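What follows is a short report on a single structure.
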Amino acid sequence: MTAPLLQIEDLTVSFGNRSGAAFQAVSGVDLTVRAGEVQGIVGESGSGKSVTMLAVMQLLSPSAAIAGSIKLDGQELTGLSDRQMRKIRGARIGYIFQDPMTALNPLLTVGQQISEAVRIHKPEASRSEAKQRAVELLRLVAIPMPEKRAEQYPHEFSGGMRQRAVIAMAMANEPDLLIADEPTTALDVTIQAQIMELLDRLRREKGVGIVLVTHDLGVVAGVAKSLSIMYAGRIVERGLVDDVFAAPHHPYTRGLLDSLPQMDQRVERLRAIAGAPPPISARPSGCAFHPRCSYAIERCLVERPPLRPVGPVEAACHRAEHVAAESRARQDA
Amino acid sequence: MSVVVPTQRRWRSVVPAWATLPLVGGGVIILLWVIIGFTIPLWAPYDPVSLAGMRFQPPSAEHWLGTDALGRDVFTRTLYGVRHSFPIAVVVIGCALVIGCTVGAIAGYVGGLLDSVLMRLVDVTLSFPAILLAMAVTASLGPGLGNAAIAMVIVWWPIYARLMRAQVLSVRNREHVEAAVASGATRPRVLIKHILPLCWSPIIVNATMDFGQVVLLAASLSFIGLGAVPPTPEWGQMISDGALQFYRWWIALGPGLAILTVVLASNFLGDGLRDFLDPRAK
Amino acid sequence: MFAYVAKRLIAMPFLLLGVITVAFLLTHFTAADPLTSIIGERQMNNPQVVQAARERWGLDQSLPEQYAIYLGNLVTGDFGTSFRTRQPVAHDLLLRLPATLELVISAMLLGTFFGVTLGVLAARFRDGMIDNLARLFALVGASAPVFWSGLVVLFVFSVQLGWLPGPGRIDSRAVAPPFVTGFFTVDTLLAGDWAGFRSVLLHLILPASVLGWTVTGIVSRMVRASMLDVLSQEYILAARAKGASPVRVLLHHALRNAMLPTLTIIGFSFAYLITGAVLTEAIFAWPGIGSYAVAAARGLDHPAIIGVTIVGGAAFLISNLLTDLAYAFVDPRVKLGGRAGA
């Protein structure tokens, strides 16, 4: 087996404030992404999924402290200088942002912004070469009339078109890895499907590994092979998508699945998880999910469950077997 | 991904919320000048308009800021200057407020043709650089602090008219006003009782900030020779004396610093007031 | 946008007419008799001289008549004749306008350059020492009377240190360059007079700095605020994610966007500059419109004062219009009629 494209081991990100207190936004996260594979990361906002990805890019504010290991193709990224990281950002890792409305500079044409990405990493490329490449990239992401579109400004693009342009920008230097941070959240449902189709096509044609960060399990279902569920800065469940969907082993995953609208289910089964994720500065003791968990027992209040293999998946829950059994029973019903 | 950083300012709990540094600092400076203005004749070391020593003496223990071309004590004259600048500024701001707010309130509340006419007049008046307009008016009326004050009122009232109109327009359609109208209150009564009381805070903030600007403009007019006439110890007039002898730096130092402190203080005071009166604005 | 510009252009003549009317009226509800300044007090009790002067300067007519005549003359570019210089006011103004423009433009360039630099540094090193020093510098610049700070810099840099020349536009021993544009910087160059050019530049530094200080203060505060706003935008993160260097992010991406609101402020500061120019010219013996206005006001020279006031008002209106046009030109989201949209 070849080395994984991206391997994160025991990643912890903490933010200090002026009084010296530190809060862990991400604690002990492990993650593996292979070339040509989509890895989903799912969680509510504040679960630490975006922080994890920005840590990979080292784009967090200077107040963030990163511990653990992040390897790209076997090369350790933590501890690299900003100068060294700049050679990786945009060249070997492309980043797609949540909101294409704000991720494009309003004063530069779309073509300028894409060719900028090319020229930063290929200074020897001439202006016209870079421009040519920008048009090619717009064509790659299926933007009609790319020559004309390259001359236009972001405000002249629709939301879906902008996100395609952002993807083109991320693909500018044929990166090995694409990080898509909620790429469809800001878009209409029908456009979401098109963007996901585009990402999947890029995976197939270009063989890029993709980390798909989302709060929406439904988005992951179609394209990802495996997925990790994050809650309060930790991974609470992970496994192959099919296994996790077949029988969630963590009550939080179960809750996320229940909140998905499904054609064949009656409406009363559709329900959101009660409560809100805890703020980073006040995470509960024991299992961070226990205040919102209907399965919680006394042990959950004091002892944090480690991520452990349960059946086909890994889950961080003291009552994983019980949850899984109930899930299966319900699937059969 | 925002991280909540709790602010830990312990002094907040001891000092009342309004006591911010700009508000207190600016207030103290203005208050000091007011006290000086009222009490200076009681303790002034010298007479402001008559000979106090040799001419052109650099600063010394006897003459803290030296003496001018006529041997008058610059320090004394500087302190006396506030007795000319402050009353002028108060009168100018006061008159401009009365005229401007009346015009603005009527224009905003009545609307229609009257509003258009009044506001075009405001637009045109505000098109002139303040000093040119003030110069033109003063020149036409003849030099003197009183005429300079009239000129400055002409320059300043449109600012308040525009502000007041905007305020009235924003308050006019609120529910409590419509309720008052529906309950049969007369139009002047609605305006005075229900609209105007909600319009004041930005106008007070602006008037406070303008205080320093009026002091500055008055000094500018005197500097040009259109305001105070010699031997009045007026700051602009004194700087004009100093300009003739600019290598004798001390003659203009006192009045320059005096104007600087007043303008700074009124800016601070205005800033502080705004934060206090309208916490939503930055 | 096109409609907006068209509307502004159509409004211009009306505003100008308003400016002219207000300037005319304000200088004619006069208490001081302009005759005194024309013929001198001693001749005032000589009825023949008074009558002759009245007729000659059109003061025997009623106010509306005077106004109509004035307007009619203005259309032909005639601002009347100065009581003081006995020259056409338009001629006087044209002769002096380049000096003022040279000063104001230099001040604007200097002020904008230092304002933007300080603002970017203050935003980059937020709440640090540079930020606090920039704040103090801006505050003092906006609060100190220019006619005093002018004296201070003259004393320090010219008298004490001797680094820079004193008042005036060019070395007093040098000959002024032949009049081509009226801008001494340009005219000395056209004449190939390098020594003169150097002298003109050196003479510009102090007055332009003093005048530009106000602009520096205003612009640096604005740039700082909008830089902080822009730097928190996602496209800044996106630019960094492309691998752009910090300098590139700061200047190419952030500053460009931060300049949009700043542009309006720079245009707005033009009004300050005219006001400041009047006083700066008085301090630096600068033979421009400002010192002309001061002399006219002191001498109760009505035609000259109205002329200067109208020019000042018109300059303000034009600078506002130019600011709006510049904004539309820089921001692609605001489209002018000529260029095609999506």
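By letter and in written order, the chains are A, B and C; residue numbering begins at 1 in each of them.
We take it that contacts are C-beta pairs under 8 Å (C-beta built on N, C-alpha and C of every residue); 3 or more make two chains touch, one makes a residue touch a chain.
Nothing here was measured: the structure is a model prediction, and the numbers come from that model.
S.K.: Can you tell me which chain pair comes out on top for contact count?
M.R.: B-C
S.K.: State the chain with the largest centre-to-centre distance from chain C, centres being mean CA positions.
M.R.: A
S.K.: Quick one: chain A and chain C, Cα centre-to-centre, how many Å?
M.R.: 55
S.K.: When the C-alpha atoms of chain B and chain C are each averaged to a single point, how far apart are the two points in Å?
M.R.: 23
S.K.: Can you list the residues of chain A that touch 2 or more other chains?
M.R.: Correct list: empty.
S.K.: Under the stated contact criterion, what part of chain C meets chain B in this complex?
M.R.: For this pair, the touching residues of chain C are 15, 18-19, 21-23, 26-32, 139-140, 142-145, 147-149, 151-152, 154-155, 159, 271, 274-275, 278-279, 282-283, 293-294, 296-298, 300-302, 305-306, 308-309, 312-313, 315-317.
S.K.: Please give the residue numbers of chain C that touch chain A in the complex, ascending.
M.R.: 233-235, 237-246, 248, 252-253, 256-257, 260, 330-333, 341-342
S.K.: Mind pulling up the chain B residues that touch chain C in the complex?
M.R.: Against chain C, the touching part of chain B is residues 120-121, 123-125, 127-133, 135-143, 147, 154, 212, 216, 219-220, 223-226, 236, 239-240, 242-243, 246-247, 249, 252, 255-256, 259-260, 263-264, 267.
S.K.: Would you tell me which residues of chain A are touching chain C in their complex?
M.R.: Listed in rising order, the residues of chain A that touch chain C are 57, 59, 82, 86-91, 94-95, 97-99, 102-109, 116-117, 120-121, 152-153, 155-157, 166, 169-170, 172.
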